[in-house]
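Quick heads-up: structures coming right below.
Okay, so chain A shows up in both of these, paired with chain B first and chain C after.
On to the complex of A and B.
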């Protein structure tokens, strides 16, 4: 039971890390290597709000999400739109976007170091235990898990049952055809990218409740997010969430039953297995 | 347009440089420093390394500079980011020596980067006085790199003294025999855990839980759960900053309160107390200082004023002391003649007055006086075990998270 719940809580954290990237890569076709830095920026915003103004990280989301949405929309419009316009193929766009966002990640690390310094950032919010089935868990992780579940569910409902969501799904399946049926792909891509960025920043704000962050830790999150998105299937929210949960439970089980040193190995074995036997990801569609 | 901007910028810079040249008719000593400002160790360096280095430069210059035979010389600090990358640390040292032509260099931050940079420091002939390197290879290193000096301690001694705290507590009847031993899976953690295990088992302790976790892991609930299930009397973690915080956090959440709770790097950071407040009363950690020493208190106050944060209760003072040693050696020689300063440092008869107390070097270039174990007592991280330093206080039993 301890393993299952701890694993689920960890999975919720992973879902927060990866959901945004899935939207950005799956829909807007931008492989955003600065994803982790934007997550850390969200975490710093929450840290700042909590320490400077005593605003709880959950309440800070009300501000973090729209600001992150606007910032990411601007990033897409100013920096990435030209790449999309000039790219001759999807492959070319991927290479360009990887290079551009990789550069952006360094710039963001520099900016955050300049603004906040290079030290460690953490704070205590809801760091009290809560008992479930006889074991104690951190309240902040539970809160993050519940919010991750709500965000995931909301996002899935929105994508599945609204017209705007339908547009994004059409874009994810085939950008060229989406244009033919009258979807403004530019606007929709910018929207998807900005939404992905907002979710990433929200994830960062929630994760900052129990993770010690510093300006240059972002790359760790990017790596994790990449694995989860590829495992779950590009462009499918359900896949990301399921993959995040599987990874969380698998890592916790290995850590508790075998050896904590093998968690990384376990994660990559799982990843390799999926790449070998289901290269399109758990919920991905086979390329036609 | 671009070219014109570039030319204007170049011209402006040339003017600025010329202006500097005119202003500094006085002799200056150029001091190079390459240490992490990005990468995994940037967080630690921002607490321990950079403020101490900048503080020494600022205070020395405020006092008019170093006293050379030809008059006072101000210090000019040249900083580089080595990105926590050994290759970059080597390149930065090379660049500082050849491009910037600095007179002296501050040793890098952390054991790994100091070892990586040792050959290039030796090759270029710069003294490398380390305040953040903890290793057991000092005799070999000193034989191979006679320009390398050590202020912070040896891994073997740190691990032995930590184990000794447990032995003493058991002899006093305060704790039982069961120890949980965990470590971060890198060179530091593996070495420390290996020595601790040997010493503890030699002393008749039973290791009831042992595990390691990859560098960068912060999801450590399974480890605390494992140690708790094993009903350990003492918990010893050779951890790095991120995991030090995460282990403590999880132990509080799961109510795991053994009689001894020890975490390694970052336990002595002010941020640790900032994060956990009064809950950490009685937590043991690596390092320590004589917190009652006026010299340390003055250093702490100046550090807080300059950096907006206090020093850590361990290596900050040692880093500052490395520069005090260097400065005193330069003043004793009376010039920025590197070879002469190095010869002065290598002369074992010389000793230096630092905020740590007196420092001198033995045949392994090691200052054999350092703090090994500390404990949070009333909001201050006090040294409870030391070699050759006064002011160690008694260990208190950890009585749970308040």
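On to the complex of A and C.
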């Protein structure tokens, strides 16, 4: 029971991060490998707000989200749009965007190390325990989970029931046809990329409440988010959430029962299973 | 081999011969630099043999390399040293084939992601086994000198070039060029694309593991976090792409300037190496697509046009 609940709480924040990446990859078609660094940047912002200005991480979200949105929008417009325009095929764009975002990822790690140093950072916010079903959990994990769930729900409602959300879903299905029905694909892609980045940064701020981060840990979160996105299926919100929960539970179980040093290995076993048996994702249809 | 081909091979053979005299002529500092370069020449050239024609970006180098160093670490006391790179190459080839069989049937993104975490995965497993058996790092104390390492790497580099040249003339090389241009076409003309890619991917696997085995005595002390350092994979990618993957000599043209630059930066500003890596990555994508090979081709084209007008 303890493993299950801890895993679910962890999976909630993973789901949020992976949703951000899924918007960037599924809708804007950019495989963003700098995703984890933006997450760490979000965490740094929350850390800084809490220690320097005594602003609670929850309140800091109000600031982190719009800033991350703006930064990611600029990244897309300035750095990635030229690649989209010059790409001859989807494969060429993939290679280019992978290399470009790797470059950004390293540059960001370099900049963050220069700004904040190479050490670990964490802070104690709502670290008191709370009892559920006879075991105790840190309050901050619970708060992070609830916020992640609310944001995820909001995103889902927005995508499902608004006109702007419909635009993004159309773009995810087929960019060429989306253009035919009068969707400005460039603007919509930039919007999806920025939104995805903002969600990831918010996820980073939430994670920093209970997780010790450092400037170079981003790549690990990128890996996990990628595995979740592939496991859940590209562009599939429901799949992403389920996959994130599975990963959260698996990691917690392995860390508890076998060895905390094997969490990535656990993620890899899941990844391997997906690659071998369901490369189209948990709920994906077989490609024809 | 006809006369024209022999004419092409001779300058390379002379270059190799000249490179073999580096330890005799230059100071230990430059020998150490040349060893690093030889290591990256083998790694980047073998990387480009696979990733050049297929456009799959492999980040598995560090995993193969680490496997190689551990082969030496575990075996150098019981086995003669010349056997260790061979064993490492065999293991590296098997690991590459396994990874290839799982991922190379699918699109490139899966492959990148899988190889991205491979070194970390193997490192976690090795660390776990070591914790279980109560073993820590290993000392590799041998009588092998930097010169020996350098010459062995040079020999390995010659082998990799030979392999690249032979593949270029073979049916496999032809099949790979078709796959690189259009995989659907390749499948339709009856090429087993997955098999061809897996076969080719074993080459960087074997080469990187052998390099790891040869270089292990240089480190003296081996532990998982240094043997499987993921940075190595990225350095190899960047050097190969900076040089360009279209030609066999491309990676060499990337390795030499990048190694010098890296050495300069690590001395002047050791904390800024990652920033440098990031900037070079971005430069390649935005300014130098195709690397120096692409640049060279463009210059030559312009020169020929100018001459004709």
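By our rule, the second predicted complex is superposed on the first by the 270 of 288 C-alpha atoms of A that agree within 3 Å, B and C clash if a C-alpha of one lies under 4 Å from a C-alpha of the other, contacts with A are read in each partner's own complex, and residues count from 1 in each chain.
In this section, a contact is a pair of C-beta atoms (placed from the backbone, for glycine too) under 8 Å apart; a residue touches a chain by one contact, two chains touch by 3 or more.
Please read these numbers as outputs of a predicted model, since none were measured by experiment.
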First, second, both or neither for A:123, with chain B first and chain C second: first
Touching partner for A:113 - first (chain B), second (chain C), both, neither: both
Which superposed partner A:63 touches (first chain B, second chain C, both, neither): neither
Touched partner set for A:264, first chain B, second chain C, both or neither: both
Which of chain B and chain C A:87 touches, first, second, both or neither: neither
First, second, both or neither for A:103, with chain B first and chain C second: second
Partner chain(s) touched by A:279 [first = chain B, second = chain C, both, neither]: second
First (chain B), second (chain C), both or neither touched by A:142: neither
Partner chain in contact with A:55 - chain B first, chain C second, else both or neither: neither
Chain A positions touched by chain B in one structure and by chain C in the second: 109-110, 113, 118, 216, 220, 259, 261, 263-264
Chain B - residues contacting chain A, complex: 36-40, 42-47, 50, 182, 185, 211-214, 216-223, 225-226, 241-242, 245-246, 249-250, 252-255, 266, 269, 271, 275-277, 309
Chain C partner contacts - residues on chain A that touch it in the complex: 31, 33, 79, 82-83, 91, 94-96, 98-100, 102-111, 113-114, 118, 216, 219-220, 223, 226-227, 230, 259, 261-265, 267-268, 271-272, 275-276, 279
Complex contacts: residues of chain A adjacent to chain B: 2-3, 6, 10, 13, 109-110, 113, 117-120, 122-124, 127-129, 135-138, 210-212, 214-217, 220, 251-252, 255-256, 259-261, 263-264
List of chain C residues in touch with chain A within their complex: 55, 57, 102-103, 106-110, 112-114, 116-117, 120-121, 124-125, 127-128, 131, 230, 234, 241, 271-282, 284-286, 289
